[in-house]
Amino acid sequence: MQRIGVFICWCGSNIAATVDVKRVAEAIKAEPGVVYSADYQYMCSENGQQLLKNAIKEHNLTGVVIGSCSPRMHEATFRRAAAEAGLNPYMLEVANIREQCSWIHKDMDEATEKALILIRTAIAKVRLNTPLQEGESPVTKRALVIGGGIAGIQAALDIAEAGFEVDIVEKNATIGGRMAQLDKTFPTLDCSACILTPKMVDCAQSDKIDILSYSEVEEVKGFVGNFKVKIRKKARYVDEKKCTGCKVCMEKCPSKKGLNEFNMNLNNRTAIYIPFAQAIPNVAVIDPEQCIKLKTGKCGICQKFCGAGAINYEMKDEFVDREYGAIVVATGFRPINIDAFNEYGYSDNADVITSLELERLMNAAGPTNGVLLRPSDKTHPKVITFIQCVGSRDVSGCGKPYCSKVCCMYTAKHAMLIREKYPDTEVHVFYIDVRTPGKNYDEFYRRAVEQYGVDYIKGMVGKVYNENGKLMVQGSNLIDNEQVIIPSDLVVLATAIEPEPSVRKIATLLTASIDTNNFMNESHPKLRPVESPTAGVYLAGMCQGPKDIPETVSQASACAAKVIGLLVKDKLKTNPCVAHCNEMMCNGCSQCANVCAYGAITYVDKEFRIGGGKTEVRRVASVNPAVCQGCGACTVTCPSGAMDLSGFSSKQIMSEVEAICKR
Amino acid sequence: MDKTEMTEIMKEISGTDVRKCMKCGKCSGRCPAYKDMDIKPHQFVTMLEKGKVEELLNCSAIWNCFSCMACVERCPRGVAPAQVIEAVRTTFTRAQNNNGLAAEDIPPIVDELIPQQLLVSAYRKYNK
Amino acid sequence: MTDLENKIIERAENLLESGEAARVVGWKKGEFYFDPSPAEFDSKEQLRDFVYNGFCGANLSKYLIQVSKKPGKTAVFLKPCDTFSLNQLVKEHRVNRDNIIAIGIECNGKLDIEKIKEKGVSAVTEASETGKEVTVSSLYGKSVMNKEDILLIKCLTCKSKKLVGVDETIVLGEMEEAPSDRFEEVEKLEKMTEAERFAFWKSQLSKCIRCNACRNVCPACSCVKCVFDNPQSGVAAKANDDEFEEQLFHIIRAFHVSGRCTDCGECSRVCPQRIPLHLLNRKFIKDINTCYGEYQAGEAADGKTPLTDYTVGDVEPNDVFNAGVRK
Amino acid sequence: MQEIKEFVPNIVAFCCNWCSYAGADLAGSGRLSYPANVKIIRVPCSCRVNPMFILKAFQRGADGVILCGCHPGDCHYVTGNYYTRRRMAMLFDFLNYMGIEKERTRVEWVSAAEGARFSQVMNDFVKKITELGENRRITDLRVKEK
Amino acid sequence: MIKVDRTKADGMYAAISEKMPLFIPVKSAGEVNYAPWEKGADVSLDTLKTVKSAKDFFFPQSETMMRFKAEGKKIEIIDDRKEVAPFVIFGVRGCDYRSFDILDKVFLQEPVDTYYKERRDAAVIVTMACAKPEESCFCSVFGIDSADPKGDVTCYADDKYLYFKSNTDKGAKLMEIIGAFGTEGGEKEVEAQKKNTREIMEKLPFTHLDLSVFKPENLNKLFASEEWASLSEACLGCGTCTFVCPTCQCFDIRDFKTNDGVIRFRCWDSCMYSDFTQMAAANSRTTQLQRYRQRFMHKLVYYPSQYGGTYSCVGCGRCVNKCPQRLNIVKVIKRLGDKEND
């Protein structure tokens, strides 16, 4: 028989004002198995915990029930205290008499009655609790970073700096990501490439970092400390080890009509190409959709001209299996598709462009070599109108309900840069709100207005139409309460951003959750913002929510710190509340393995005594406690009840049901 | 009827949540009748929110609105300024002992594809 | 003796003599013509008692769980519905298929001796089947009966005459499909009001004597230890001490076999109180078919069962009462 | 003479630890009340709820059983509630087939952020069960014997 | 002897049930079992074998023995049995009537089972003579005359009339009620029927079963027989035979937790079950062969050696009809008999 101690917390007046804690503590003394019962103002306080510890020792308690706030708040606190007093922490249960009782009921009798029921229920459970021991699992001291943008690069560099090996898996042919496409960065206006490329080079040169470019994560198995990942290295038709990046192939390639994704499709590239000058790895790749040789079997010019003999048309996708202790997701973002916003005429007018396209038009390495020429007729635009919040804060269904966070700043940046470079240009910005929280951010925006004379119009554009070659931007000016029409030469849309869609697949592979906007969920929005709910998986950059470069870099470094903290451990403690199989009853039917999301169940043939001195061999399930997450799906699918869950056993729950129904 | 009550009625008729407006002005940016509107579409929303029913009932914009629904179409927040305008108009006509067109008087030729709102508001407008 | 029975015995002899099979599982002559029992035959002499007649309704597949553990191969004769059971057991790794020679045999529905007795014919000595008629001979003479009237319930609504996953077949004629739709009775119940359904099941289940025959004969109820026999499970009971326990036993049993029940109908065949237990399992089968797509347990020896699978757009539990399940 | 008491249903709610139980906590923090006869049992995931637990609740005198979990697709254990959804869809329709009132059983998806919804769901469920009356069709009379 | 027109039977049942509860074979949901008579009941007197036997009246499938009331940490033991009022069991066949003797030997020997005794004393038994025994009947093997069973009152029936004869004082009292619905007479018809029934019995296939090997001195030989393996191979281990058997008397005692205490009840158990007699750790009979052997050895050898040679089988044939896989005591008797007599 258990010796159970019950502690009723007042939580100041939070509980005591509605639940008669004295009456509860007194009544509970009569419960079979209860040898001690007390009430206290704040059980979670130092003194409260001491009371618990003393009682465990004095009364030789084998089980404890605390009637207090939600177990989600202080179960861990109390269990730690119990452990300090020598009681197995899993012999303690919390009855939630605050959130689920005192706070929602007004009548004292009613609330007291309910508190009694809830505590009796917890007692019923504790009677059947068994001491549980946390298991241990080893840690593979290597990290995986998915995504080679600035977030992934920063995380990888920081992890490598601490002495751990780290692999970057990047689906494109080069690392660098979106930041490589940007011209300047706010609020300092330094050149994006100038600050990014050194970091890219650091990655390439680090002996701890392995860059798997043009690769994708195909399969993830295992669990924190022990992930087993299958990576698909897509066929690039160029041997990475041989290619010297000389670009002769690009000069000779006859297929020159491919759209240059790096330049936002604003110009063309050859079928064999290196995405940009500072690409890492500086190795060519062949676009199989465009390559004449791959499509028709005829051509082979690049192979002929390649001095290094790097071209291999026979190349196939390869699979690499690696093991990791931690995974950082840094899959980044893309601008949303704005075809549905026909009021801005993006699809109809070449001179209505997105901000990212403008970045390329302004960039020295871009299609116009940094000279701002409008796409339609390659002339200098004289009047440029920016429209903000295109697709952001939009609940109409075409856009995104959230604020994309970076548009206000980059629009100010663009406006400023244009006025700086081409002072004769007239720049208008339609805005709903200008959001510039951040160090030196508002100053930056004000500089655009005050120093550079950018015309900010409070109001939104209702319509953009082409009239005699002019883009007529019709919008409202709410300050002057008038409708304005601005004949413009170029219209730039501050397009909303969204998570790179491949994140959905990654989230599924990692069994990490994702929100309705496809942003990955963090474990806690405030207190655990860089951890995903799946242990060992961390989030950096835009995949978790809109953010700018400094924030992305901070988050990436935070991720790295978390990863390092994990990888320095030799062993991890595992959750003891996991499934286990009673082999005497197991049928070996495989139903449990069918529903296990973690692949924690395997089968073995074992010999059992069947009476009469005979034995028989049966196939029985076996649970890997380090892989099992303790959801219990298997326990219900098991008809014989051989599968049970420690800490939430069928007997415990049934006896809770019995107690909770009693009144 | 007092002002508050009338405000509530107008809000109810409009079927739109005026609080959803984020004051971007896109409705007014798109309005083809903008010049003839003494109260602009976006103002209808904010004025109704603030309960300025008298000004609304006495404006000419309710008779100049085309009920083209462009503002409804363009609103990023799902607010429907044209429905607010229609609500004001309806309240106005109701106050005149309901001299609008009865349902059975609507000619059968009227195509059912034409939005009801547009039809009804047009009849109301020209029955002033 | 019919040609079919001859062929079957011939093949059994053959298998035993050639040593291909160490034993044969089939049906053995009883005290009467109508009471053969499942049995193992190890030798040619034993096969003298082998029978295959209209009263061999028993499904032999469940015996294979134990028999397949014996050394050597076991040949087994399976009627179409029994083959589904074997396949399902193979899928659940309960039967070692490598040790089994499965021989699918012809079946045109099996007879119910109780129904014959109810027609006033006792001391039956033979029943010869010709198409839709059965000539029943007894000590008191011969009488011709309409086959449909004296079929076992399970055979009236036979789901399939397919012989799935067998190694060989012995089929002499064309097997006729079952006369009626197996979901008709379920639908009839569904159309009743809740109160009517409750009254129906109460009157049926109150007959239950908890003999466990339905469970013990069921090929899907092959648990090493059943929850109802396990004092640790919290539902163990040996008698229905309260009406609730009548419901509990049958609900849990039906749930446990849901998605795995092949609808072999043994449960209602063996019930001493003739409770239409198959209607419980069929409700699950019907709902699974409606909500998650046609599924026949035992049709394949691999793949997931419907309740260990899902799709993102599955019907919501609160909507299931009207979402296509009840039209 | 025995006093005729107003019928107060006995409701058992199974809540998954990650979403619905947290949703219930949030309802508490927001002081969004629901009747005291709703009593919650915490399970790691809705897929831990065995039909036997539900039947046990009815046996022991529950008038209604409601199962709450994360929204499909948001399960902490990735797929747990998808299995719950199938199991309960099948079970609940089956119970109804046995003549048990369909209102007595319910599944609701309540996220950790939906405190208000949790409270609203519970109020609604209690109201429905109160209208329906005492559970007599699937309960063990011995339990209530004195 | 009193002769009652069948058309008046319902009135007679009503009259009896006014005085005391009347239990009678009733067809409900398709099957015939004993049930309390009530107006409109579909009485089926001519059904030879109710699914469950008449033993239920004295040894019900489950019955409460006592209650424990718990208040806090105090426990009170309550025996809340009420005095059993007299009741009538109508339509008990000769085989089932004999089963009461077999049960009596077990339950009424010291220490007397008071639960059983109270009901046994309160019962007024109206037996029913068989007119058309069927092929599964073999009561005559055990010396039962199904054509003329005893009991408090014996009832004979033909197509038109029911004939009643009282055998005891209790019976005489019941006859006072029955008498109001009929007239004296019928001896001739009854005698003719007895003769006819006995003739049929003589011709039934199992009538000449040879029980001679089932003697206490053969216990070890029979136990060790190799035949048990093939006899039991198809046995499912269900409890059908046990639960329809009028003489099986094993029970289990179980507790059920109520809201404020515990109900201790007993219920039938079957030696065919793998969870029968969970002594110390588990059932000592680990294989179905052992369990199967136990049941038949008990009926045919152990019981007779304990109770003066009486077999614990009455030849009702229920197991012959109801075994899902058609195994039964007749097959055991024949096979072991053949083997041992060879």
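Letters A, B, C, D and E mark the chains as written, and numbering starts fresh at 1 in each.
As a convention for this text, a residue touches a chain if its C-beta (ideal position, glycine included) is under 8 Å from a C-beta of that chain, and two chains touch if they have at least 3 such contacts.
Just so it is clear, the model here is predicted, and its values are computed rather than measured.
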{"item": "Shortest walk length in steps over touching chains, chain A through to chain E", "value": "1"}
{"item": "Labels of chains that are neighbours to chain C and to chain D", "value": "A, E"}
{"item": "Relative to chain C, chain with the most remote C-alpha centre", "value": "B"}
{"item": "Selected interface, A-B versus A-D, where C-beta contact pairs are more numerous", "value": "A-D"}
{"item": "Per-chain CA centroid nearest to the all-protein CA mean", "value": "D"}
{"item": "Rounded Å distance between chain D and chain E, as computed from the means of their C-alpha atoms", "value": "46"}
{"item": "Distance from the mean Cα position of chain C to that of chain B, given in whole angstrom", "value": "70"}
{"item": "Separation of mean Cα positions, chain C and chain A [Å, integer]", "value": "52"}
{"item": "Junction residues of chain E, two or more chains touched", "value": "256, 259"}
{"item": "Residues of chain D touching at least two other chains", "value": "51-52, 56, 60-61, 79, 83, 87, 142-143"}
{"item": "Which chain pairs touch, all of them", "value": "A-B, A-C, A-D, A-E, C-D, C-E, D-E"}
{"item": "Of all residues in chain E, those that touch chain C in their complex", "value": "28-31, 33, 51-52, 61-62, 134-135, 205-206, 230, 233-234, 236-240, 242-244, 252, 254, 256, 265, 267-270, 273-275, 278, 320-322, 324-328, 330-331, 334"}
{"item": "Chain C - residues contacting chain A, complex", "value": "69, 92-94, 221-227, 230, 232-234, 256-257, 304-305, 307-309"}
{"item": "Interfacial residue positions of chain A with respect to chain D in the complex", "value": "70-72, 96, 98-101, 103-107, 110-111, 113-114, 117-118, 121, 508, 511, 513, 533, 577, 595, 597, 629-633, 635-637, 645, 648, 650, 653-654, 656-658, 660-663"}
{"item": "Residues of chain E defined as touching chain A within the complex", "value": "70-73, 257, 259, 286-287, 290"}
{"item": "For the chain D and chain C complex, residues of the former touching the latter", "value": "51-52, 55-56, 58-59, 72-73, 79, 82-83, 85-102, 105-108, 137-142"}
